[in-house]
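In what comes next, subunit A is part of two complexes: it sits with subunit B in the first one and with subunit C in the second one.
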Partner chain A sequence: MTAVVEHNKNGGIKVSKPNRGQRVLKGLLIGSAIFTVIGFFLMDYTGLDLTHAIPMTIDNLGQMFLSPSLNNTTWPSALWQVAITLSLAFLATILGAVISLFLAFGTAVNLSKPWISNTIKAFITVVRAVPTVLWVLIFAIAAGLGAVAAVIGMIFHSIAYLVKAYSEAFEEVDQGKIEALRATGSSYPHILFQVVVPQTKSFLISWTFLRFEINFGVAVAMGAAAGAGGIGYELFMASTFYYDMQEVGAITLIILVVAIILELIANRLKMAA
Partner chain B sequence: MSKTSTINANEITIIQKKNLYLLLTVVVIVGLIMLAGYITEYSHVEGIMSIPAAMSWMASNMWFSQSTLSNLGSVMRLLWETILISIVSTTTAAVFAVVFALLGSKLTYINKPLMYAAKIVASISRNIPVVAWALILVISFGTNSMTGFLALFFGSFGFLVRAFLETIDEGSEDSVEALKATGATYWHTIFKAVLPDSMPQMFSWILFMIETNIRSATLVGLLTGTGIGYLFDLYYKQLNYEMVSLITLAIVLAVLVIEAISNIIRREIL
Partner chain C sequence: MAVDSKVKEVTETRTDFNNKEAEEVLISFDEDLEITGDEVEIATKEELKEMPVIMSIENLNKEYSKGKSVLKDVNFEIKQGELLSIIGPSGAGKSTLLRSINRMIEPTSGKITFDKQNITNVKGRDLRNMRTNIGMIFQHYNLVDRLSVFENVMHGTLGYKNSLQGIFSLYTESEKEEAIDIITELGIEDHIYKRCDELSGGQKQRVGIARALVQKPKIILCDEPIASLDPSSSRVIMEHLRKICSEKGITVIVNLHQVDVAKNYSDRIIGLNSGEIVFNGHPTEINKEVIQAVYGTDFDDLIME
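Moving on, here comes the complex of A and B:
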């Protein structure tokens, strides 16, 4: 009997054999590399002049970050705009969080019936598939461009995100504790608010804040693209109407600072959870 | 007898305290909601009223006429362009993100200054919103795919570095330690431990990023006049709501199909 020893290309002994998942992954990596290269040739480059565009971008970036200044607006007003954007994000997050909490009770498989859970999940998948800006613009047809359309539009995506996060946290709750309360004859709300919510509180807070951080970025975008006001609108005006790179730079820096502060708080909360 | 009564008294104060905290939290949150509502001039009544109005609008514009359906070709072409930009920008960003994540991870960093530099670059790229990138780039690059590509590239790059960093830090600690103990070189640990260990999870993040980018591409397109977002904006401003809902439906279907494909791939590789 000869021992079967497989050799690799260099003549060494093959010590491992890729499993199905690894082979699929390898195929996918090669496939996406090829697709990316081909993709670059398929894109539409009409009107693109790189020799002109690259130096101009560098020049713009230089003006933005080396000499930022607010020329068409004042500091107090810019900070007020930041407050508006933060408020839009806060409203969408907190209202979304309250609705999500109840939907998540229905979605978590250990707290609910399968058909309710699946219905909510299907609803959420569709809600998430519509880009936020389209939700906002659709609501703007009914409510007019402004804070109402922006907040309601942003709530939809916040719900889609938070229900998934919350229900996954709820599913982690120790089944024994829920059973123990059931055995004592506790009502359904009792189980939810005496066991499930207290047990997952730090997760809920950390996920909600993470969504707040995301919603700040979204609120900036809605200001620029959907007339929701706030610092995003200022950014849009500075770049498309005034062509004022210094102001674009100053506003971008303000947004950057706020976003980094939010990210640091979110990380801190995540560590604590 | 007196002992039980003191325990009861303690329990009552604990419950009272708990209720007090709860009440305070609720009061603070409601206060913040009212403050935010005042700042943004947001009206809750109007907000709730707009939901049924928007729903009935959607229902009434779902029935497409022949002239609307004849535009399906151009919708599909621009949708394809948008999907293409999303995928290509994500994969390109992923290549750079892997390098930066390796430089920034506490397991695989080369030296400390480079580690902090990698993290800071990623943080800046991530925290400048995609809209800002789009508005900055459209000035010099004009209205073509390159603008959308670059805007999505910068946004995805920063996010992917953060995701990859977490993947590397969580997944490969044991195998890196094992390989280091056998005296493996730096490149050995990278290519034999870190990358094989974290690749499936990283690919899953790439899929997530592609899904996100298709939605962001719509937004970027709206601002830069490219892709499906431009088409949406065009018909939206013409108040051609049948086209608006056709385009929305096309985007929804595209995202759902891509999500379904992603889920199949995830099941295979994870």
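Moving on, here comes the complex of A and C:
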């Protein structure tokens, strides 16, 4: 047996020798497992009867999703509210996409100067660090709580997301194609719109539509949280004001169906692009 | 005796058959070829002397990092209407030299005179104007392959356009007609509305040539135009370049790896080694010593196609 082999306490041969990072990770995992167990013992369980609570929860879910019905609103009104939510999402996506396109030209390292790229990246990081709801509340100071503040807040996060996605797509564009256009005497805008955009069009479309799907979900939440209206506000009213399980279920199912339809359209668009 | 003749007959039919098959293969290969292998005519030394100078390059130096010269004090003249080949080993500075001509790469020092104008320090609009006069063709074609052949060829006119015209692809009818004429001359008119990623290498390079010609250039620079092509497409491309040079009087400057191709098609050859011009003369003057000086190896050690 050679000297390079290390043994563990029982005299067996070690297969691996963990480094510092792996030891820290191991400590973290064990620590969080212990705290989780302790946490369960420290919770306040007064008045909780699991034999009663579990069937009640199942019953509530059953009421929501197995017998959904619209009691306080009508079908045309619910669909109209869905349309409002969709238009909030659409507005935020389209405005965000146009702004993002130009910011992304500045962010992509192959199309821009390093200091411009880094400035925009820093700005984007700040935008991303603040949650959407906070942006909405910030703009609510000026615009008042409602659709306008919600759309502006959603635009901010759309930009943060799309600039990153777009600029990474732009950076994939072959430098030779840009060189070829420069050699014809083309100007910078020519290169952007005759090489970079056509070459990345399918990425741009699929990323934008993915953001639209995300914005739909955010718009539902904003309807409730920021009073932006739409189906999210109906959901909020049904759950906390009327306490109507069946209506909550019905609205949730409507949102689910719309989300699935959006997903299908997105797939079609990706195929076509 | 009888057996012998039988054997002979069989072999003969077989050779016949083989020849026929080979011919068929050749034909299917040649379907795309618009030009058949005519003997190439190149300018003689005397003719070359009489050609007017279109560009002169004086004391050109290029350093990518301090102290590491890629081009060392390069001096030469380019004649109007000649086909000039630049040969040399990889890393000799051929691409850098070519890109210095249209200022895609900024030379460290030196003077470039084009059409009696000093273009060493032109900027902005003047630089763009200068580049419209110099077309460029690349080894990897560098076409926007999600756009159609026609759209790619029209990119050649962008140098003459302002931003809005370029962004919204506002080309005039006469520009489009000229482009169609050029596309037809190059024999790719059947593919005009196809996306460029559907084309073969040789066809893509012809789109590249069309894009350069649409610029109405005085000089066309070709950076290893046939390095990624099979021998038959290579021949088509070289013959098109030769034709452009002889018939349209456009100066063509080609970076080449193949010495025999350079000898066949060019009016003049420049040999580059480690950033210095070691040969500048007529193709007939290429001999063993020249090859030794350019490549550092014997002529017989080079692969000839």
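One rule holds for everything that comes next: the second predicted complex is superposed on the first by the 211 of 273 C-alpha atoms of A that agree within 3 Å, B and C clash if a C-alpha of one lies under 4 Å from a C-alpha of the other, contacts with A are read in each partner's own complex, and residues count from 1 in each chain.
Basically, contacts are C-beta pairs under 8 Å (C-beta built on N, C-alpha and C of every residue); 3 or more make two chains touch, one makes a residue touch a chain.
What you are looking at is a predicted structure, and each value in this text was computed from that prediction instead of being measured.
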item: Which of subunit B and subunit C A:Leu181 touches, first, second, both or neither; value: second
item: Partner chain in contact with A:His190 - subunit B first, subunit C second, else both or neither; value: second
item: Touched partner set for A:Leu256, first subunit B, second subunit C, both or neither; value: first
item: Dominant contact partner of subunit A by residue count, subunit C or subunit B; value: B
item: First, second, both or neither for A:Gln199, with subunit B first and subunit C second; value: second
item: Touched partner set for A:Leu101, first subunit B, second subunit C, both or neither; value: neither
item: Those residues of subunit A which subunit B touches in one complex and subunit C touches in the other; value: none
item: For the subunit C and subunit A complex, residues of the former touching the latter; value: 102, 104, 128-132, 134-136, 138, 140, 142-147, 155-156, 158-161, 163, 166-167, 169, 208, 211-212, 215, 221
item: Complex interface listing, subunit B residues touching subunit A; value: 29, 32-33, 35-37, 39-43, 46-47, 49-51, 53-54, 57-58, 81, 84-85, 87-88, 91-92, 123-124, 126-132, 135-146, 149, 196, 199-200, 203, 206, 215-216, 218-219, 222-223, 226, 229, 232, 236, 241, 244, 248, 251-252, 255-256, 259, 265, 268-270
item: Residue ranges of subunit A touching subunit C (in the complex, touch as defined); value: 174, 176-177, 179-187, 189-190, 192-195, 198-199, 201
item: Of subunit A, residues touching subunit B in the complex; value: 20-22, 24-25, 28-29, 32-33, 35-36, 39-40, 42-49, 52-54, 56-57, 60-61, 64, 83-84, 86-88, 90-91, 94-95, 125-126, 128-134, 137-139, 141-143, 146-149, 151-152, 217, 220-221, 224-225, 229-230, 232, 235-236, 239-240, 243, 245, 248, 251-252, 255-256, 259-260, 263
